[in-house]
Amino acid sequence: MKTIGIADTTFARYDMYGSVVDELNSIGTGFDVKRYTVPGIKDLAIAVQKLIGDGCDLVLALGMPGPEPIDKQCADQASRALLNVELKHNVHVLEVFVHEDEADNDRELGRLADNRSREHAVNAYDLLFRQDRLQRMAGTGQREGHPDAEPIR
Amino acid sequence: MKTIGIADTTFARYDMYGSVVDELNSIGTGFDVKRYTVPGIKDLAIAVQKLIGDGCDLVLALGMPGPEPIDKQCADQASRALLNVELKHNVHVLEVFVHEDEADNDRELGRLADNRSREHAVNAYDLLFRQDRLQRMAGTGQREGHPDAEPIR
Amino acid sequence: MKTIGIADTTFARYDMYGSVVDELNSIGTGFDVKRYTVPGIKDLAIAVQKLIGDGCDLVLALGMPGPEPIDKQCADQASRALLNVELKHNVHVLEVFVHEDEADNDRELGRLADNRSREHAVNAYDLLFRQDRLQRMAGTGQREGHPDAEPIR
Amino acid sequence: MKTIGIADTTFARYDMYGSVVDELNSIGTGFDVKRYTVPGIKDLAIAVQKLIGDGCDLVLALGMPGPEPIDKQCADQASRALLNVELKHNVHVLEVFVHEDEADNDRELGRLADNRSREHAVNAYDLLFRQDRLQRMAGTGQREGHPDAEPIR
Amino acid sequence: MKTIGIADTTFARYDMYGSVVDELNSIGTGFDVKRYTVPGIKDLAIAVQKLIGDGCDLVLALGMPGPEPIDKQCADQASRALLNVELKHNVHVLEVFVHEDEADNDRELGRLADNRSREHAVNAYDLLFRQDRLQRMAGTGQREGHPDAEPIR
């Protein structure tokens, strides 16, 4: 039995947590889910660390950075902090960020947030339970949220 | 009984400390406040660390970066140092920065500094005493200081 | 007997792992290879750390960052995390990144990915087995993937 | 009795050390001064660390970054390293940098370097001996080297 | 007897190692030299760490970053990693980087690489054997490779 942590924010405009949990449950079993909600993306790193301290074997960090330059900088700070936590505890942390300017309107943005969350839920499951599946897809241009890229031979 | 630390600067042009304490007292009880004042935002990280060493269960770091590129860089350095301290000690640190160019005039800037300080005081209280409240607001587009964003369904 | 780790991604569009292993085998013997595949370049640092934890004496981290500004930022985050892991464990980690905008078309990109992977495989072998060879080439303008530069006397 | 460390560089074009010591002596007593001179601003962090290892209770790091983009980047690297040292040892480190392009001519630059050094000497003294003074000035727009900003009520 | 480490790269186009050793020998005695050659500037930090692990009392890190934006980013990553190693081990690490776009042609570039290497060799010697000399030159506008700047009184 594994424990999957999910950290999310009140800043995000879409319930990415719902998408991740729904997808995880549709893939398989063998895991519990723990959740920790914080105000913004800069708080995700400590939320992740607390989830790891609580026994999580892998954590997904969900966030939706805004479109302004200062938001980009905050996202960068948050990303690097997530990497630090991941390496400090040697536990996989999947950053699932959807930037508000990746979509032209709210409907598209919602769909992107849902898709990316679901595809990273699959990555989480693969990292924990079926690493051979990742290995078979190595170098094949997989993308999360957007269509996959073409592999080059 | 919890202890909430507040680090602030002589560089800031508004008494954000006053707003935070006033708001905290209007929300509830069960906490003490400790304060540490430093010259500028780059000194906030060590102030926070000293407050944590002094027993604080959560710290708010209050600052008002200037509008120049060099000020932005200083703010970025300060932010990353705050994240480092937070992760090192596993204690929530809420960065409450008001950038001088977020407002068109001093009156607006003062109002923004007051609002943001108060909304982060609520976040601090929620993180310490009512995490379920944060979870209920996850993915709903909460903003601090500015009007909230629209949630996407 | 040395162990060479190879971390790669499902995001990459070319099988750089194949090139590295093929080249390593053509150079010499005295080593085993271990592989760890992750979704994207930001996951490479922890993959490398897990490979080191698994006994690797040197690790190659293979990735193909996309062409957008956000991809460049991700690559930068990934690079710095790789450096952190390398220094933490005192084990050589060779970053082998091929940026999608380094080539004009897929065919050229594939050739560049293959060449760079192979030349870094040689670097890996040299670092482990023949450091004197590196010393003899010091200051001579060696490049990986692109033609070498002219030495200045 | 406290010990105040001062790290400075041969790269700087003004004797900021002289200004700091002169100002410190004019404020009060109760401290000794130790000095460590290095080539450039990137060497300041280790100089500070060595001063802390030598028993300093607070360190001022004095530097004058050049005006080119590469100089700005070096200054940023130096600043972040100073923050790291400060947090690692939990000792206040005051960064006193004067950027060459902050002034229009050498005379102005010299005056700015002198003023900023002196005002940070006061900050150093306050942090060590009279923290209540800093607290009274919190949120009042203090600036070092340039005229203070207007407080907002 | 002190040990001076020198880390250099096969990527560099000039034999900076030769310049450093020649200059060191012309200044004085009392030291041994150890060398570690790596492929590129990103590998310098671990080379330095291995030299420190091997007993070096100070290390010079020699590199020649290319002129492209990606090269600048690599140089920045390498610089920060060098600072991390320096602070972790509390041993002076002198970064001696010559950026390819600092000179107009190869001849000038070679001369710059030679000069800068030699002037940093002097810095290395001063840090180890005659710190008073550095102190006497504090605030006097010393430059390495380029002509010194004017001191301001």
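Read from first to last, the chains carry the letters A, B, C, D and E; within each, the first residue is number 1.
One rule holds for everything that comes next: a contact is a pair of C-beta atoms (placed from the backbone, for glycine too) under 8 Å apart; a residue touches a chain by one contact, two chains touch by 3 or more.
Everything numeric in this text was worked out from a predicted model, so none of it was measured.
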item: Neighbouring chains shared between chain D and chain E, ordered by label; value: none
item: Distance from chain C to chain A - Cα centre to Cα centre, in angstrom; value: 26
item: Centroid distance [mean C-alpha coordinates] between chain D and chain A, Å; value: 41
item: Touching two or more other chains - residues of chain D; value: 80, 84
item: Order of the ring members, counted from chain B so that chain D is second; value: B, D, E, C, A
item: Interfacial residue positions of chain A with respect to chain B in the complex; value: 8-18, 35-40, 42-43, 45-46, 49-50, 53, 70, 73-74, 77, 80-81, 84-85, 88, 106-107, 109-110, 113
item: Chain A to chain C touching residues, read off their complex; value: 72, 76, 79-80, 83-84, 86-87, 90-95, 99, 120, 123, 127, 131, 134-135, 137-144, 149-153
